[in-house]
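The following pair of complexes shares a single chain, subunit A, combined with subunit B in the former and subunit C in the latter.
Coming up: the complex of A and B.
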């Protein structure tokens, strides 16, 4: 599935061409169009509702990349990712609210960007800690150990101790305008949107690049057969823990980003079901594909919102529908996962791959 | 074309058309639009579902009885499953739909949205009754029709001190002893603790050790054993029903003989079902009447429950339906007043609607509501009920403003 056929008449002559990011002029054009869409068209045309949906999609993508890296690329099942997102969010919040930043950093608006990086590191280290059992256990057992992260980090450490810092007894308050990125105050949906796009691009490019490296190949080898990988000389434990670190790092960035969109943060924002949701995202999008992460996030958020919007006009005729629909919506999520597992186990990314190849090979697709 | 494909296409096109209409909807403006954010499937759905049903039924009632000076209310009610990211998008959707006001739900969404609603000037009537939402200087657009948690705690302690303490054998010989049981880290559970401690100190209580009991606790024996050493005369529990029931059961089993005081979310018709005999004699604050009690307008609540949700037996409906009604009716009255003044903007609803209410009584066993530009504590009265012989009976009604006018006005606002 990883091979995308080149369009008719395009040939590579050296490795540089073979490994180029954008291999044809057509792809370059496509990317420019995407750039135009993301940075100019959507911000120009979208109102706050559309922007807030985009932000939710972005948050889902950032959260799900880490899960994709662990499950899709390294084969390490996880159901505790929300905990690392929480670590990131809380680290960033505490650094912004409590840390005595030098005035120069505050004035330059560097406190938040630095906190994003530190949040990533912290979440990465916690992730490694909970990745340690992966040295000994696999599969279902690993799911259980990763679930422990939720109970220990969110339900115990954050709820019982971290939330109490500063004697608040309440959620940490982060009114819009607390967070400053360089000269910009992040105080509107549009600014959050730009921050989201920026972070998503950095993380996606980062993961895509790692996957092209020795590390990425080692992960794929471990996923496909860890014994063979070890026989080939890959230090399985080291690379597994590295995967946990990267996944946690990106999870931390996701949490750190999300606080810019919130006015207050409490442990309630990181329920265990969020980890499950993220696994749902990659299952629907396609396991083992970065495109899949993006498609999955788009699908999960957009389908839910569209279903809701579709019901709105009908509510005029039959008002009770708006209420009854609430349950149908929840069921739709479950149904979508079942349908994908049965009819499209490779996820939306597989469809995308097929469509791309169809056009690349057209009209000689045989 | 195969029939299956025709069906698929028809469904797809119908979906697209409906989506387009859905996106285009905000253009109409003949009615007053209200958004309602509810949890019917998430972590707080055990109480949230009944509340949401109450809201929907109350809006039907308002529309059937003349609406807002002749204008109908259009209710957009969404479930966000207590997922905060979704609450944020739903809030944006309400803004897009040009909702005049929002009926919100719990601490999670209310806290996350408080500064945003203040910036956007949209009245947000929530079911989070935290005392720190009552200071208009900090949260001008957060409102509710209930006694706030802090006033509830003060009222409960006062009622016990007045009615129960004099009957104890040790009365007059020593100070009464109080202990607190709550989840330290929960914003809801801990929001009234500062006020409770302050009040107990003022009345001369001896304060015992505080016990951390999770909202999801099913076993609280260690906390009860710790409390047994202190021998409290009274125990204040500020958690929700499930957790409160666990404490009551364990206290009963381990023979901790003490009176128990509960805030509104720990005190509903489900408590006796969950705690059985252990619920006998508990004292709780209920700012509204229990479902079906003989108070003005309750006949309508029951009638609309039967009419619009006949599938749910009446004995399963609870006080949370009445809570939903209270918030919806209160908001409707504010809208009526603002509409009469000709200003249905968020600012107008606040200024000419809510803040013109002085001892406004809409029945349902709710104490008269008053909002002023400097004080958003709608009720100064805490209605205290006792659960005895299978019934909730009114034990006392404490009006803190009348009893401590100086402290009420100058000290107790906003915490």
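Coming up: the complex of A and C.
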């Protein structure tokens, strides 16, 4: 919500310029470079390993945007987002495997794109259902009601009933060739990467735009002061539920995307700790900032991966490390959050903002 | 006092009839009757704990009275929620500033215009076209009518939480004005301000009441007797849930009961003049 200072000598002449995302030529150039990097440089240079890490980052971003929207923008604490990701993943999988698609849609490769959308809607509706208590409770109490989503949706409905559909028992496997986006068959890390970039951009642009329009402002108002928000004409309950829907929708898209990367999906892919992880991502990245979501996801995935790279050579000397790696990972996660809360409670996004302003105000930056 | 007489005969904007409000066994309001006419500045005064803020909360719907009726433009609004009442043209500021601290001044004022915006989640996510045009249209209104009036140009992009108290009060007034209200409830707009800020704020209240562009009816709760007596067309005195008098400033100043309950000895009051 804080605005960046413009460099000396740059000024706007109308409101459209002032309300634009990319306000100077320099920023436009920078963003073009970023797109060049994302769409051309990374696919060209990266090997399968790096691409798979990128996909993981993208999945984390998609999951965390919803959490950012709920916690960072609307002030509704949630610890059950993994459940809605699971709803999205399962809806999409079931639609692809069980739904009698007309041949024409299958041939056009529209089954998966449509299932992504429906998965989003389903996850959004489930999210609204578990958002209903927010009409009455706030803060810590809401955490508990949102945690119920995990236990009811994943541990009960999905594990006990949904997994039994088709008599497969535990996991659904997606045969090769089922996930098709238009004419492209999503069968390699590179194609998953492109799908990820596409979905990330759509979701980020959507959230960024809504945050500078009427609905987004109402969410922030509810976060900051719900009583005066209501007095200013905002139907608080309606907007809270809208926030839950939007967050759930993006969570559903995240789950639906992730099945393209997984050969088989089972309830273990959506543990409760994933919700906690997503909250950690936005705490590290910066609460209430879209940049923060991206930085947090980058930080979490990259730090964990480099930790893994560090542990592997050491395992030759001390083999037990390999066995203990899961615990090391979780300890590192806890430590990272502690350090950020103490030393940089505003997250990485704040540092980014400071750096930008430093250069914009140079040589008078102090 | 021709203007005041004209207002006195004008149409009734808000009417409270025999309103009772009880919290358990505490009687906050015991049968209050209030008539606010279009175009006036109607002040409510009374000692601390008299029930002034309760009265404001009842008018804009945060509390529901157990007994009595509230009419706004001859329509009964007892059962309307606060956000529904704001759509009728009721806005308020709070005693303790209740701004949206994390939002910029501009966003706070934009939020005040919430009921005038149209975009929803789909058009908002897409943004281009309709929503962008709408944002620009309202931005022009905000800049030209409100930011210019309240003289807060240089802070428009600052987060409100970081501003000093006096400016926060001003932003809150701006936010309420952005709703383009017909009745504006000002709950102690001058509390905690220094002399210069009090003068500015009093000027703003007079401006929005008298200027052709606004002509907002104001319901003012205030402790600063000098300002209340100078600005108000009528003064309503409340004492622990009971109305003492509802009259012109002169009548109120001379009423022995008011002096006993609230204004106190003459010399005490004159220091605030």
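Assume the second predicted complex is superposed on the first by the 340 of 366 C-alpha atoms of A that agree within 3 Å, B and C clash if a C-alpha of one lies under 4 Å from a C-alpha of the other, contacts with A are read in each partner's own complex, and residues count from 1 in each chain.
Just so we're on the same page, a contact is a pair of C-beta atoms (placed from the backbone, for glycine too) under 8 Å apart; a residue touches a chain by one contact, two chains touch by 3 or more.
Please read these numbers as outputs of a predicted model, since none were measured by experiment.
Within the superposed three-chain model, A:136 lies out of touch with both subunit B and subunit C [touch as defined at top]. Residue contacts after overlaying the shared chain place A:269 against subunit B, while subunit C stays out of touching range. Of the two partner chains, neither subunit B nor subunit C is touched by A:351. Shared-chain residue A:235: touches subunit C; no touch with subunit B. Look at A:59: by the touch rule set out above, it reaches subunit B but stays clear of subunit C. Of the two partner chains, subunit B is the only one touched by A:330; subunit C is not. If you count the residues of subunit A touched by subunit B and by subunit C, you find the higher number for B.
In the superposed model, A:210 makes contact with subunit C only, not with subunit B. Common to the subunit B-facing and subunit C-facing surfaces of subunit A is no residue whatsoever. Residues 60, 62, 81-83, 86-87, 91-92, 94, 98-104, 107, 110-112, 114-115, 117-121, 123-127, 131-132, 135-136, 139-140, 143, 157, 159, 175-176, 179 of subunit C touch subunit A in their complex.
Interface residues of subunit A, counted against subunit C in their complex, comprise 1-3, 15-16, 18-19, 205-207, 209-210, 212-218, 220-221, 223-225, 227-236, 242, 245-246, 288. By the touch criterion stated above, subunit B contacts subunit A in their complex at residues 15, 18-19, 21-23, 25, 40-41, 43, 52-53, 56, 75-79, 81-86, 88-89, 91-93, 95-96, 107-108, 111-116, 119, 132, 184-187, 190-191, 193-194, 212, 308. Interface residues of subunit A, counted against subunit B in their complex, comprise 47-49, 51-53, 55-56, 59, 159-160, 163-164, 169-171, 173, 175-176, 189, 258, 261-264, 266-269, 271, 273-274, 305-306, 308-315, 319-320, 322-323, 326-327, 329-330.
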